[in-house]
Amino acid sequence: MTSTLEPAAEQQGRPETQGRREFLATRRRTVVVELTMTVLTVAVAVLIAFLVVLATGKDAGGALDALLTGPLERTPRIGRWLADATTLSLLGLSVAIPFRARQISLGAEGQVYAGALASALVAINLHLPPVAAVLVPLGAAALAGGALGAVPGVMKARLGANEIVATLMLNAVVVRVFDYLLTDHLKAPGSSAVQSAPVRPDSALPLLSDFFQVPLDQANIGLFGMLAVAAAVWFLLARTPLGYRIRITGSNPDFARYGGLDVPRTIEWSFVIGGALAGLAGAHLALGIYGGLQPDMAGGLAFEGIVVALLGRNNPVGVVAAALLYSYLRVGGDVMEQQTDVGSDAVTIIQAVIVLLVTARALPELVKRYLARREAR
Amino acid sequence: MGPVLDVVLSTGFLAAILGVSTPYVLAALGGLLAERAGVPNIALEGSMLSAACTGALVAGYSGSVWAGAVCGIAAGALLALLLGVLHLYLGADAIIAGIGLNLLAAGATSYTVFALLGDKGGTSRLHSGALPSVRLPLIEDIPGVGAVLSGQNVLTWAALAATPVVAWLLYRTRFGFHLRAVGEHPEAARSVGIHVHRVQFRALALSGALAGAAGVFLSMGAVSFFVTGMTAGRGYIALAAVFLGALRPCGVFLAALGFGTAEALAVQLGNLDVPSQLVSAIPYVFTLLALAFFAWRRRRASRTDAAPAPLAGPAVLESP
Amino acid sequence: MEPTEETGEPVATDTAPPALEAVGLGKTYPNGTRAVSDVDLSVPRGEIRAIVGQNGAGKSTLMKLLYGLEQPSAGQLSVHGRRVRFSGPQDAIALGVGMVHQNLMLVPSFTVAENAVLGVEPGRAGRVDRAAAAERTAALAEQSGLAVDPTARVDTVSVGMRQRAEILKALHRGARILILDEPTAVLTPQETTDLFTAVRRLRDSGMTVLFISHKLKEVREISDRVTVMRAGSVIGTVRTEESTPAQLASMMVGREMSLDVAKPPARPGARVLRVRGLSGPAVHGVSLDIAAGEIVGLAGVEGNGQTELVELLAGLRRPTAGSVTVDDTDVTHLDAAGHRRAGIAHVPEDRLSNGAALDRSIADNLIVDRHDRPPVARRGILRTRRIRELAEDLISRYAIRAPHPDAAAGALSGGNLQKVVVARELSAKPRLLLAAQLTRGVDIGAMHFMYERLLEARDAGAAVLLVSADLGELLALSDRLLVIKDGRLVARFDDPAGLTEEATGLYMLGVERHPDERITAGVR
Amino acid sequence: VSTDSDSTESGKSGKLRIKFVINGNLGDRSFFDSAYAGLKKTEKDLGYSLKVVELGSDRTKWSSGFEDAASGDDYDVLAAGTVDTVGFISKLAPEYPDKKFWLFDGSVDYTGRSGCSNKCANVYSVTFKQNEAAYLAGFLADKLVAAKALPGGAGNEKVGVIGGVQIPVIEDFVVGFKAGFKAAGGNPSSGVLVQYVGGDNPFGDPAKGKQIASAMYGQGAELVWPVAGSSGLGAFESAVAAKRYTFGVDSDQFKTLTDASQRQTVVTSILKNAGNALYLAAKANKAGTLAYGKPAAVGLAENGVGYVDNTNFDKLVPAAVRTELEAQAAKVKSGAVKVPSAF
């Protein structure tokens, strides 16, 4: 039987390589265009923030200067920026993994508290040799966060229960239980503030200021831990079978099942890993930022983790970049509020405007469309 | 426990449930409309907050509670439309845009209140009044029922009426028809000439208006002034009710009512000698159990009947 | 043989303007794909015009331009002599253009009637009169001969009925120009015949029809003229009665090609698949054997359990009774992964819903069944170079037209996507291949290619279960043929050579039936 | 935030510059607002200048916010409140020995054993014995309900306390209140209903505050005392609807409430006078007599806490009860009565 298609294949040979070149060129161009456009949108967002301040009749130039250069003016602020970015990156990554499996987990908040609680309990009560004193609490935090992640994970994967509801409800429960344990059982005796006893010095995450001999506020080696975790998450998603399963399940669960992947288990793993990362974020807060437990210790970070994950398009590198950008703006906002006449409400408004504009990806799209049209001619 | 039981079985408690549930029902129905149109509306909280603030301010300055209510509802709708612009036209992710808008509403309400009244806490120094309660002359006298139904705020009545209205809108009207089509299969809707974005915008406006009504209820019904952040996370609870109610008006209503009941119950149980934090966790534990139970039952039901697999899953939040 | 360049003078001799006219029409997608370029097309009123071309030739895109779903980047469009610019389908609908899409555009939770009236619902004061919708749909169905159940939910009805619902949708809108993009790809011969009757009836009432199909036999049966597209351009238009299949095929691919399948006789080996008393949703007590090196065809009217049977055998559904073994592995209670480990490969009938992950790369799509074992993965780590090599190899061996292994699967044309699926399944060197609708929606070139690969797999010793809505294809490829009706096997032909479509059709429709002993002979 | 005067200018003019760092926001209708009012008064009366920094409720920002605020050279005195800031002040005070720190409603450790390495020699801290004022509130409450003395009341013998959240500062109020209730002859375990607002915004959820107050009135409370910031505002509305009574907190709510019918329900208000304490500290500072380096605690005796005795109080509280209350107050001031504390 002679293949009647031989000539077709041959005929396709030439345009094939040309198509390939075009594909690669387009891909390169897309990356460049996306990057440029992201920078541009941030610039536009800042410009609009400028106008917002101007509208309130305050010294817009000074305010903008504080927002944009403030975080770099003093090393403690740099430290605050890095410490904030560490927590935010971990939270962003924790959200990004279930998102990649197309699971909208909003459970980071509860997992943060679970992680903080577990790590602090270990770090306050157990006497451990030096390195283990840090690693064991971290492990406990990851376990606690992961276990908490497993609850909505199993509910979703095995029963089909909506994960948004499950995670939101679980957050509410965990935060209340945390408050209860803290006020009624863990409050340090003799302290008039509601806070736990401090963690043992061995368990506190070593401060970066001790290494670099400059004051860096609470920035600690958690930063490097976070970078390692981000690299690991990248590796997990891009280079391991489990990561592949997560990606495929997120893209088309029917296809995943057809292809022989265990979809429920993959979904559960995505929740568990996400939970573990949020638990680590909690440990970073407990062992690195507060040195113990406090009520409301996550502040608004858990929700901002979602913003960071989506800004970074659920890509580990993107998430870290987005977290750095976002926490830079958080610190800049605080500097602006401290140094200028712009009030904390206006700072909130400006941050909201920036978030909204940076997510509005129309500008890059419009430019891309324009480029495509020009090329087509 | 005895006295608590008495209270729980009292008409006052039933009346309280309706009051407590009102914002949940209204906002959840709003969330439902947006979700069914294919746009997850995380900005319910922001819509509620801006409506609560606008309503109290306008009522206070104009002297008319009705003007306040209308402007409040409009403010809620406006915020949702902003979500529409960002998500539908500017390609923003609906979830981040929603979170961003909630942030914006928090900052802007507090800023406005301070700019106008010089008070960061709220508008309690302004006489803004509340929307009237509805007395039901005849029903009022029926023992039991009368005390529950009569004297409820107009917006509580609106919430009760909203459920059948939303159901009617979704299932009986052309608009609802298009809305569901757009949410379920936007391509199909577009291919028959339905303006997908236009329908989604209208759905969002309604969604925001309903959430706005919920906010107006808080500042002009439950109490008669605005306090910064007074929605206190109710928008997120409403969002949970949307999904717990399986995206159906009746289910969403029952879920919202369930949250209201649980909260009212927690208020009553608060006097018992149980740690307050644990008592306030009860509604959420209850929701989790209900969620698991219903999901389990649905799953078991779908195992046994041999209907062919659906073409597409139910409309859930779009993929991130 | 160069076809005569011809701009399409109207068949009818009246001087009325053409129903549809395009001049210099072009479309470049935002991603840079130039799908249609400089197309001139003129379709007179009351003509059935077939559009043919290879996968990715731009047929669907051209139709989307005519229906306002996409906006042209160049050229002009006239409808009934009026110059038009469509800003969306609503403009096209207003001018009487209706379209049935290649990928059906129905809202799953709506009933057939609700889908049919969507956008132009009957009812007053903003309300929808659902009873009237059902009545009207029933009436239209009656009139046009398109049988549907107006009150059934679309996600519970057969593909054929979905297809008919789509046409009713266009009719309900008062379409005068009807675009049918591969309407027959999923239909049974009987359904196709009924559809053609209905289409002719519509044509006779003055409807202009544009009809896309890869099946030249159908094209020749239904159309008045045929327009051939290749690589985004119109190559030519010929009168149907003056054309031959071979001529059309060569116009499509740009060179001569043979349309015959050379099928050497099968050399069946040992039994591979053993199915006994298998029951499950829509399948009742099916027993059959398939040996290595043979193709067993499964014929049946769509919706008689063949989909379910294949999914049971692939591990995607759980049986309620019976047993299945592949070689010596009992796979009855295993999941899909277990079936794959046992050596079963599966080309699913609906490649879009579960055959591929459209937003993942071609490479990712090619390794789903082997992502966690060598050579793709080693010690829990994916080996990207190996994956790339594997993908490049399959892309070139299966002549998949793709720029790069990293290109998204969703950017491929239907035929090429199907090649990705087939490449993956066949390269797994299966013991048993379940091939459902192997050539659905693929062009004749690809179709032949698939046939050859299938026969190759058979000759390499695979057992093949072939399910197809295309009876001709079944008869041509099967070494043995089974007929399924209402979830039960009703006929078995151990030598289908000489069997005609009509004869088989009688069994499919339940008019005739083989005795059980004959069906289960040798199956113990 | 509103800088209330330009810092660089005041630096030159030699005014004492106060920087008030708030670990929360203004508008809490509680001690931040009260402290702000007191500090604000120093601008006019003492010629000081004031700058306010609001760190918001996000705790992750507090530490660096304090650090940043202290590092500037635009202040002479850094004022802060609540026990949550004790750690920050203890750390910063030794780092900036030339600056002064005023801490209210919390106390640093002056022993040097933990916290300040310089024994906080530049820190003035003042705590409030809110339990003492709450004790009087409890005492008054029981006397009023036991005697069924409130005009137009339903004659119930219970009272309610609404807290924001269950934290020591609030518990201190509750403990004191119950002790006073008991001292007056009541049974706090059956007669005092206690409930917390909780939730996402415990001090800013008036709707929930109103629900709780309504429930308490429904369960037979004759008067309700909200200690929950803005959430408490709902309680006054509830009192009007139920035709019952309330106590105010933190400021004289008979004066601050705008609604006349709500005002009438306020029997008295329990004051925790942060503003006054700060104003007095500022005055002492000007006179050079402010006691840095050791803790100060102000209670009834020092007029740091107290109850409001106004026309409404006179109208609603029978003379006999007033006399008894004053006698109790005198005992607390003299130390004859020790009020239990949650700390």
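Read from first to last, the chains carry the letters A, B, C and D; within each, the first residue is number 1.
Keep in mind that, in the parts below, contacts are C-beta pairs under 8 Å (C-beta built on N, C-alpha and C of every residue); 3 or more make two chains touch, one makes a residue touch a chain.
Since this is a predicted model, take the numbers as computed values, not measurements.
In terms of C-beta pairs in contact, A-B outnumbers the other of B-C and A-B. We define each chain's centre as the mean of its Cα atoms; on that basis subunit B and subunit C are separated by 45 Å.
One finds 76 Å separating the Cα centroids of subunit C and subunit D. Centroids built from CA atoms put subunit B at 29 Å from subunit A. Remark: subunit B and subunit D have CA centroids separated by 35 Å (rounded to whole angstrom).
Shown for subunit A are the residues that touch two or more other chains, namely 176, 179, 183, 343. Residue positions of subunit B touching 2 or more other chains, listed in rising order: 110, 114, 275, 277, 280. Within subunit D, the positions touching two or more other chains are listed as 25, 165-166, 198. Contact between chains, using the touch rule, shows up for A-B, A-C, A-D, B-C, B-D. Interface residues of subunit B facing subunit D in the complex, by the touch rule stated above, are 3, 7, 10, 12-13, 16, 19-20, 23, 110, 114, 119-122, 124-127, 218, 222-225, 227-233, 263-264, 267-268, 270-271, 275-277, 280.
The residues of subunit C lying in touch with subunit B in their complex are 67, 69, 88-94, 99, 101, 105-110, 114-115, 118-121, 123, 126-128, 154-156, 169, 173, 281-282, 353. On subunit A, the positions that touch subunit C within their shared complex are 1, 3-5, 7-9, 11-12, 16, 19-20, 22-24, 26-27, 238-241, 243-245, 247-248, 251-252, 254-262, 368-369, 372-373, 375-376.
Interface of subunit D with subunit B (complex): residues 25-29, 33, 165-166, 193-196, 198-201, 204-208, 210-212, 214-216, 218-219, 230-231, 233-234, 237, 257-259.
Contact residues on subunit C toward subunit A in their complex (touch as defined above): 28, 30-32, 34, 73, 253-255, 257-258, 262, 264, 314, 316, 335-337, 339-341, 346, 348, 353-360, 364, 367-369, 371-372, 377, 380-382, 384, 396, 399, 401-404, 406-407, 445, 448-449, 452, 455.
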